[in-house]
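Written below as structure tokens is the structure these notes are about.
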Amino acid sequence: MTDKTPIVVMKGITIEFPGVKALDGVDLTLYPGEVHALMGENGAGKSTMIKALTGVYKIDAGSITVEGKPQQFNGTLDAQNAGIATVYQEVNLCTNLSVGENVMLGHEKRGPFGIDWKKTHEAAKTYLKQMGLEHIDPHTPLSSISIAMQQLVAIARAMVINAKVLILDEPTSSLDANEVQDLFAIMRKVRDSGVAILFVSHFLDQIYEITDRLTILRNGKFIKEVMTKDTPRDELIGMMIGKSAEELSQIGAKKARRAIDPGEKPIVDVKGLGKKGTINPVDLDIYAGEVVGFAGLLGSGRTELGRLLYGADKPDSGKYELNGKQVSINDPATALKNKIAYSTENRRDEGIIGDLTVRQNILIALQATRGMFKPIPKKEADAIVDKYMKEMNVRPADPDRPIKNLSGGNQQKVLIGRWLATHPELLILDEPTRGIDIGAKAEIQQVVLDLASKGMGVVFISSELEEVVRLSDDIEVLKDRHKIAEIENGDTVSQSTIVETIANTNVKN
Amino acid sequence: MADKKQEEKTNVFKKLLSSNITVEVIALILLILLCTVFDHAFLALSWNDNTGGLAGPIITMLQESARYLMIATGMTLVISTAGIDLSVGSVMAVAGAAAMQALTGGMNVWAAILLALVIGLAVGCINGALVAFLGLQPFITTLIMMLAGRGLAKVITSGENTDATSVAGSEPLKWMANGFILGIPANFVIAVVIVILVGLLCRKTAMGMFIEAVGINPEASRMTGIKPKQILFLVYAISGFLAAIAGLFATASVMRVDVVKTGQDLEMYAILAVVIGGTSLLGGKFSLAGSAVGAVIIAMIRKTIITLGIDSAATPAFFAVVVIVICVMQAPKVRNLSAELKRKRALKSSEKAVAA
Amino acid sequence: ACGSGSSSSSDSGKKTVGFVAVGPEGGFRTANENDIKSAFKSAGFDLIYSPTQNNDQQKQIQAFNKFVNDEVDAIILSSTEDSGWDESLKKAAEAEIPVFTVDRNVDVKDSEAKKAIVSHIGPSNEWAGEQAAEFVNKNFPDGANGFILEGPAGLSVVKDRGAGWDAKVAKNVKVLESQSANWSTDEAKTVTAGLLDKYKSQNPQFIFAQNDEMGLGAAQAVDAAGLKGKVKIITIDGTKNALQALVDGDLSYVIEYNPIFGKETAQAVKDYLGGKDVKSDIQIESKTFDATSAKEALDSNSRAY
Amino acid sequence: MTNATATPAKKAAKKTRRIDAQMIPTIAAVVIFILMMIMGQALFGTYLRLGFISTLFIDHAYLIILAVAMTLPILTGGIDLSVGAIVAITAVIGIKMANAGVPSVVVMIVMLLIGAVFGTLAATLIEEFNMQPFIATLSTMFLARGIASIISTDSLTFPDDNNFDVLAENITIIDNPKLSHDLYFNLGVVIALVVLVFGYILLHHTRIGRTIYAIGGSRSSAELMGLPVKRAQFTIYITSATLAALASIVYIANLGSAKNTVGVGWELDAVASVVIGGTIITGGFGYVLGSALGALVRSIIDPLTSDFGVPAEWTTIVVGLMILAFVVLQRAVTAVGSKK
């Protein structure tokens, strides 16, 4: 195996941003016909390494050779021309165009009169089909499909380029188990055709399932390159976080279901809440100290239900009671006033305010509830920022950086801090652990449990059934934009309970 | 300890170098130098007993800059929300027309000033309502208001260039544009005070942050409980109000409104001042100080044109050249030239090392 | 065949006249167009008024062509430019619609197009420029230094007034600098203040402002510099404000550019449509004012603008 | 089985929805334009005359070209403010050259090249020096206008024997006894229509065109997708400036004369046309066909205002209100349409 000639060799890569050395002399070697994973915590420098290779960032020191030739790409286009196809961590597609156009952009099929749209859309269809997206019409506007599907579209797009190197930065973060398997099937096929694949994921199971070789980074430094099959999990975790695996905070067994007194009133009680075309009327109640999980497949309407609860979309039917009082939550401002907070799954478009600092991003929601002309006193603000930076373990621990310069996982932590700072009674978390490293994931799960035990109501939306089952008291199961079941969590409930419920329930439309 | 201090020093130095304002100030100084070379008395100041203030080229330049300061400040806030206000020039004309017409109609001078400000504010509010609540595009909305505002000014004066020079009792207004405070032009002082007030309003409350948030990502802002519509409405209203003050400066200086010329093309100057000051037309972070220096630069360019005696036919070309030079100086490519060179050198040496 | 609109009007007996205008721009222009409108109204015409924006000739051409299509009985053309009208005039000629140019004359090359123009009515810009030069020559027989404040570069009014000045000005009169102040009072004040600063040592004695608006601005700068009365300011147009300033001693000489010729225009149109002969060039008399004649004019309250 | 029958129905629904959502503003423009024409005809009786329609196109061939030109930068979220000034500088230089005896074809080529040079300058400032399009083209606007005035502030006319006339020659299709009922066009109109087709093909049938839409959606995404963003930007600004030069050719051929002040404010008319035609000023959505239509709508607003007998001082207000009414109406139709 070792006598294979590498296709990409990166040596001593150093990249410095004002104030941080994101990469410090990192090596990476990719071999054809192998899946290679970049491993490391949030902010370790994985995405930066990928951007260095594809010419998005200029390197400050080091060398890159592709197929033996020294290369200095001046942007993705150059990298593409050299046979490197990339799907970046944040989905980068154009929401103003259709799905098909996005897949084929830059590679449209041409006829005698320029682009031949019929052929192009047909081609798009076949690529979409490869990704298991045969049900999506290429003419659908991209903006109308969920983030997860957009992720798949982005991967389909990478397939169009006949690449020698395929780079996938956290492609599985928003996919459910089935889709991950579909994706792996494709990756195997591509790998076997002799393509080198660079893969990033925070799911160790996936890493052990699909990869051949690992490069481990920590704090922008190269730690080691190893073969996957020779490396036990604890050793890998140890290398990634710099301490032994045992020290990782562990969450015990499944949460015990919170008993509800017969006379107790729920915080939130909705009846028939719905919006035409997005989610059919749903009944739901959430008690203080309860974690309610939303489970369902991609596009089942979990996000839409969360948004309705928060007033991000205006419901067009239903009754909404909050602590026994009838309210109408028509916009986020009202929701926040009523102590409801919602952390979005779409971090880039609806979450972070990119050019503002981490500090401002933490404070902004609290500030909005207090009103524009009542600034939070500096002392109080400092305390809040300090508290949540520490609590969420945001790195780098500098609150005065623009949030857009943080790694994806750290952005997510800051956002959760933002919502906690408003002291909500009901906190809706939509995919809060997406893109978060194993250490931090456990931390966030712990935070959820702590919050609940202090009396907060939590809605927990996640594509990972495992964590839904582990954290929730009640699980609402959704399918095709209908609530199909409400499962009281207990010893008999497991992931398969939910999967079966979904499979065996038919939704009348 | 000493090391740290050293580091801080270099940091401050680096920050200064990378700031837009530094480039602006350099440009301003260069323009002043250029003028001084052509006209040795350019920097000379004298006391004018006639007006009770300092006199000299720099003073007239500051006097002219007052109106740019006003519209550039409003424009900064609007641009920060990723909008644009093309109507400021017309609002100047409307406000000026209202004041002059009211004065000739025998209205009390303070009432006339108030009337002008209210009208400016009202036009701003209409802009704001159309953009925020009807969701129209700022460019086209304020373009329409630019057309309609000019018409409104004509309606107010029945198409005349109303002249209030000889109206008795209008001294306060005249003083606003022509008077002096401690020898410094009153309008410049007033303008600077207003800019500082707006600055304090933005930075001491959360207004500035909210405006920037809306400009950076309106949807994310909405999700944090900010009401983007209110913010949008607010910035256009402020812009209208400040444009009215600028209109008073422009008309009171000659106590006459010119329905066609007052404020003509000034929206472009204001936008230039804002962009030179480092606020992006795509919205987001804004710098009022940058815009203020930008406004003074615009006045200085116009002064330079007069001082150098540039042929009136060539004026626009000269203006263009100066603006291009300033913007190119601010380009990251040019500014980071030394850093870029250093990086290239480091890369070369590391490549050599790899080869060896 | 189509339409019952007012524009195809022969049945109603009232003649329709299209007025391709510049638009209300204060001072001269507003007085002129209002006068034409009211004169035609009282002469029993139906006048359709079509102004342009920003002095844009294109919008005037569009309006002109529309009047041809509307088959109006006559077109009054107050053009922003003196050339570029051949195509449109040809159409008017083909449709047999008489055209009367007012204020600015137009240059026509095409013989076909020339036929459309019946008459030109208006005062002369060159004459106004000449008067300004004559005044300076007379007042400073030993020569003098001064400035000219021009309108926006390229307008033919600016050129004609300038040409008139150049034709008549004496050799010993030196123009230190010509600057554009864009017809604007406010800009003129700034520009003049700058020029006075710059040429302090050369002792400027006159300022020729190509219109009243700029002259009034210059006067304020001169006043602020403490030079009132020492610098003579000459302006063209003759608005009430300027005459008042003349009386107050802020200005020294005002040359009228008489905008009141609606009656003459309406009469010419009426005569032509009635089959009478019309002079091809109807020159409108303008006056010049000094302080005394200005006071008389103001006191008699006869000025319409 | 149930699935199989359900899918096609869903698909069909999605397809029509797509057309609705993006085309509605443009369709609204068509409908409102027709309504305006009918209103003009009903009230004043001259708007559907063949002569009116003929001159509408002939007099606004230049604006159609400019609107198509302006569509390109606006689709990317940029703008080209220099088009009016480029008309001026190319016109002044063109007529000067013609008077110096240079053959007309050469003159036209030089005019187009001058346009291209200014476009290249703007694109360089934007791409190489990070200037925002608004500011870069504002600078080239001042520059072009300034150079035009330096060259000449005279009213220039073509010499008698020039081939520009050919472009302006009327070609009559329907000849009626009265000129106002003739249907005619000239080569300028043909050029405008060719430009329209060119714009359509460029935007919808070339990869550069698709890149333009992608940049309008998200420039950083377009870059990360490996699209030739820089090349597209150069193409856009060079094309728009060159088309402005072409508009200049068509315009001065019609007039036979020009001067440095020609085209003041035309950039704003062009922007208004583009927006009326349904293109979003922040980029990403819109069609050239809409822009051409927008140019026609913009063009009949002025005659309507004057026919209504609006008092002089009120004209710009009414023009403004009419554009506003148009934009609001369009917005309303779009809102209702996309809700469905």
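A, B, C and D label the chains in the order they appear, each numbered from 1.
Operating definition for what follows: contacts are C-beta pairs under 8 Å (C-beta built on N, C-alpha and C of every residue); 3 or more make two chains touch, one makes a residue touch a chain.
In this text the structure is predicted, and so the values were computed from the model without any measurement.
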With centres defined as the mean of Cα atoms, the chain at greatest distance from chain D is chain A
Can you check how far apart chain C and chain D are, centre to centre, with Cα atoms defining each centre and the answer in Å? 34
How far is the middle of chain B from the middle of chain C, if each middle is the mean of its Cα atoms, in Å? 35
Would you kindly tell me how far, in whole Å, the mean C-alpha position of chain C lies from that of chain A? 70
Chain B touches at least 2 other chains through residues 147, 154, 158-159, 312-313, 315
Can you list the chain C residues in contact with two or more other chains? 24, 30, 34, 53, 153-154
Using the touch definition from the top, which residues of chain D touch two or more other chains? 149, 153, 260, 312-313, 315-316
What are all the touching pairs of chains? A-B, A-D, B-C, B-D, C-D
Chain D - residues contacting chain C, complex: 41, 43-46, 48-49, 51-52, 55, 59-60, 62, 149, 153-157, 160, 168, 178-180, 251, 254-262, 264-266, 299, 302-303, 306-307, 309, 312-313, 315-316
Which residues of chain B touch chain D in their complex? 82, 130, 134-141, 143-145, 147-148, 150-152, 154-155, 158-159, 268, 271-272, 275, 280-282, 311-321, 323-324, 327-328, 331-334
Quick one: in the complex, what on chain C touches chain B? 24-27, 29-30, 34, 53, 150, 153-154, 177-180, 182-187, 189-191, 193-195, 197-198, 200, 213, 216-217, 220, 223-226, 241, 244-245, 248
So in the complex, the part of chain B that touches chain A is made up of which residues? 204-207, 209-210, 212-213, 216-217, 219-227, 284-285, 343, 346-347, 350-351, 354
Under the definition above, what is the set of chain A residues touching chain D in their complex? 56, 75-77, 79-80, 86, 88, 92-98, 101, 105-106, 108, 113-115, 135, 137, 139-141, 157, 161
